[in-house]
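Note that the chains are named A, B and C in the order they appear, and that numbering of residues resets to 1 at the start of each chain.
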Amino acid sequence: MSGSRWTWRLVALPGVAWLSVFFLVAFYTVLAVAFGNQDTLSQPVPHWNPLDWNVGYVSEMLDNFWHGGPFWTVSLRTIQFVALAVLLSLLIGYPVAYFTAMHAGRWKGAILLALILPLWINYLMRMLAWINLLAPDGVGSDVLHSVGIEDLFLSIGLLDEPGGWLNGQPVTVILALLYGYIPFFILPLFVAIDRIDRRQIDAARDLGASPASAFFRVTLPLSWAGILAGAVLIALPMFGDYYTADLVSASTQTNMIGNQIDEFMRQGSEKVTGAALTLLLSTFLLALMFYYLRTTRRAGTAAEV
Amino acid sequence: MSVLRNPWGKPRFLAVMTGGYIIWSVLPVLIAIGFAFNDGRSRTTWQGFSTRWFTGETGSVLHDPALRDALGHTLLLAVICVAVATPLGVALALGLQRWRGRGSGTVNGLMLLPLVTPEIVMGVALLLLFLQVFGGIGLGTDAQAIGQITFTLSYVVVIVRGRLVSIGPEFEEAAADLGAPRRDQFFRVLLPLLAPAIVASAAVAFATSIDDFVVTQYLSSDASTTTVSMLLYSSARGAPTPALNAIATVNLMITLLTLAFAYLVYRRFAGRDEATAVATLEV
Amino acid sequence: MDGEIHLEELCKKFDDFVAVDGIDLYMPPGEFFTLLGPSGCGKTTTLRMVAGFERPTSGRILLDGSDVARVPPHQRNVNTVFQSYALFPHLDVAKNVAFGLKYHKLSKDERAKRVGEALELVDMTEFARRKADQLSGGQQQRVALARALVLRPRVLLLDEPLGALDAQLRKNLQVELKALQAELGITFVFVTHDQAEALTMSDRIAVMNGGRVEQAASPKAIYEEPDTVFVADFLGVSNLLGAKAMGPDGGACAVQVGDRTLRAQQGATEARGEVKVMIRPERIVVEPHANEGEQRMPGMVERSVYLGGAYEVHIRVLGGELLKAMVPNDGGAFATALEPGAAVSLHLPSDALRVLIQTEPEEPDEDAVSMAAAEAAQPPR
């Protein structure tokens, strides 16, 4: 039923109002604080009027980036960590999603359930599980030692000392990020591969493509949108992650942007600098999102969240 | 790759990899659950089975005030979150679905934004909002609930709208055709058809609230506003007892039972719309 | 009499798209009336306006004399059988049927009695306690019928109700629906894109195209005396020959096809200029090559398709056009000898030839424009 023009707007109004206040106004507050000033107790003094904005804190931060200051180091590290974790997610996740969609047969439902399950286990509990395992006397450390992985990692310098997995090791943080976020990567990828019409692959084979070439010329391009969606879906929250590094490393040597923001905002009292950093991070992520939306739209595939 | 050489045979390499992945993704958590039942104080060395960390006299989830209060506060926030986010989200979904024309695209975008905003950005924004604008509310339970509602709202809208789309306008037209005035079209037809999705979205909101960490932590005030997730974060690297594993296990059970309940309700009442049911769990 | 519908200059626009472009239709009471046309022709939109789901942009909908164009659907005494039936999945069959009775002032007993009768009418009594999604497609269709008929509407609207069913079931239900309509005597307005369905069931058919009514008449008239090229082409198989009409010739029209002049007795016999001449394949008589004379054209067989009871023979005539002719499979040697390459003579009886004036195409294509330009350049005759 079409209903009157205003009825449905009225129904939507409370939700719209809620989001406006607690999302839009909240985000505007970040702007007002980042472009504001601070008092003698270094408490923020927001400048609400854009005409009064003070660009000092933001430009100081941009300067820091520009001249390779500490923020630059942290940002570079964050990008490295996230890129490696996404790449590993792809290498492990693609075969799993591909098998589940194409070859799982009657096990498909059960495997799918197993793939969904980690999404509903508290992230911190999953980290807790690894902390237990990787503690110096933990089961995981023992296993890694006895199968020689520990020696391998020690010899190539990825691990500083025997049993020191949780002592500020970048490799641990990357693997923890991988473990934490890969389920979110696999599901959209599974959906994309599952949606591929098998007859198109048969057609490629029929037209003379070898199995490998059918995979690279048909299956992989058709699942490209899923790969991209999965990568963006996990990269966005990873860029804002601080708890993973805190939990499995607890060292400033593995600080990510999230840790930096967290230190400014919650632990310390440099809220204006924190707001400025949050603003820059958001701008970067927004650009990433728009790039993603543009490429998917150009590819003619609807972006699904 | 041997897999590709014989497309009709079972791709054994991929099967092994998938199996390995599933074990890798679930086994650590199962071990952590196992140690919740350890008889000793260690979370790494097995000393026999016991439920002392769940119900024992001292230091258990049931009797340690810090653990018990954290669980209680987590559930309190989840209940508030469901009670507010569900009706708000259902109304927004209905409004958005039916309201065509100017403004609806913008509101739709606004609704989807919280789903893609990293939690730390929302946490910072809401923290500053409650410090600078709503000083009267301040940090604590109210702020935590508001923060959780703000992003669970989007989950509710997405689920309910999906169901609205699959229901389509035809049932309401049929009701109108049979003489039902607009009120009855809504209450006798649309609402019953929507009910499974509403239950499912409430369950998802509940589970999301229980497992939320960042926003809840940013908007907390003192020890009385600590949730299970916050407890896990602050104590995981300390020298805690298996009670930490026990409270995580309880937390997990509540989440899984809630979702299983929602899934069953959805399957029972939304008929063969199983694909949507699974999709709901994936949100 | 009850259940009479007049549509007057009815229009419906969706933004820039004109779905229904000012149609006038009369649907007599108690008739089985069919709206027939290809998808996008406006037939469903017309039905939805009669039901009340779409508000007309302009025009009137007279139901037994009063204009209901602005009356909301729940206050109209017409009911609809939906394409996908739209049975309420949360209610069982009996409750589905009883749904609309709530809005009629009836005692509880009376209501139960009416539901019982309606279920009996469609032979679904034993399924009263089933849920809608536990029924087959055909059963759902019957329940949808019962749910609408129980309200004793003056007009029953059916939106492609057989579209989702398989061929055999479709045929059975066509017969049943027609019988039901005859028994109840209420007006049925039936929407379909299936011409065979329309021809077997209807008392009257309106053929729609591009938001307009091309022709409204009895099935026999629609098939045998189409007014327009579209109607001729849409129903059954037609041979349409480009021709030049030379004007009336004693009750017929002399038309020039290729280098032959034929007499056509049907259709727009007063026409002059470019026209189409139409003949049904079953009216063409295929004769041996030797036959020459009035109403005959030589041709060559290109294909012969065996259809069991007859051969459909494709014949290229002198002017270059391809005609289809039905040759009965009567066991004779002639029919089997019609192999590709065989020379034949086609007899086109004048009483089977119909002159149709080519209607203006919606958007003039390049050919038409250049033809018009060429014509304009010619000196006046």
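Here is the rule we use: contacts are C-beta pairs under 8 Å (C-beta built on N, C-alpha and C of every residue); 3 or more make two chains touch, one makes a residue touch a chain.
Computed from a predicted model, the values in this text were never measured in an experiment.
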Inquiry  = If every chain is a node and each touching pair gets an edge, what shape is that graph: line, ring, star, complete or other?
reply    = line
Request  = Could you quickly compare B-C and A-B and let me know which has more C-beta contacts?
outcome  = A-B
Inquiry  = Between subunit A and subunit C, what distance separates the C-alpha centroids? Give it in angstrom.
reply    = 59
Query = Which integer distance in Å separates the CA centroid of subunit B from that of subunit C?
reply = 55
Remark   = Cα centre of subunit A to Cα centre of subunit B, whole Å, reads 18
Query = Can you list the subunit A residues in contact with two or more other chains?
reply = none
Inquiry  = Show the residues in subunit C shared as contacts by 2 or more other chains, in ascending order.
reply    = none
Inquiry  = Can you pull out the residues of subunit B that are in contact with at least two other chains?
reply    = 173, 176, 182, 185
Query = Which residues of subunit B touch subunit A in their complex?
reply = 1, 4-5, 7, 10-11, 14-15, 17-18, 21-22, 24-26, 28-29, 31-32, 35, 43-45, 88-89, 91-92, 94-96, 98-99, 101, 103, 107, 110-129, 131-133, 146-147, 149-150, 153, 157-158, 169, 172-173, 176, 182, 185, 207, 210-211, 213-214, 217-218, 228-229, 232-233, 236-237, 244-245, 248, 251-252, 255-256, 259, 278, 281-282
Query = Which bits of subunit B are touching subunit C when the two form their complex?
reply = 170-171, 173-182, 185, 188-189, 192-193, 269, 271-272
Request  = Within their complex, state which residues of subunit C touch subunit B.
outcome  = 51-53, 72-75, 78-80, 82, 84, 86, 88-90, 99-100, 102-104, 133, 147-148, 151
Key: Residue numbers on subunit A that touch subunit B, as the complex places them   = 1, 3, 5, 7-16, 18-20, 22-27, 29-30, 32-33, 44, 46, 92, 95-96, 98-100, 103-104, 111-112, 114-133, 135, 137-140, 166, 179, 182-183, 187, 205, 210-212, 215, 236-237, 239-243, 246-247, 250, 258, 261-262, 265-266, 271, 274-275, 278, 281-282, 285, 289, 305
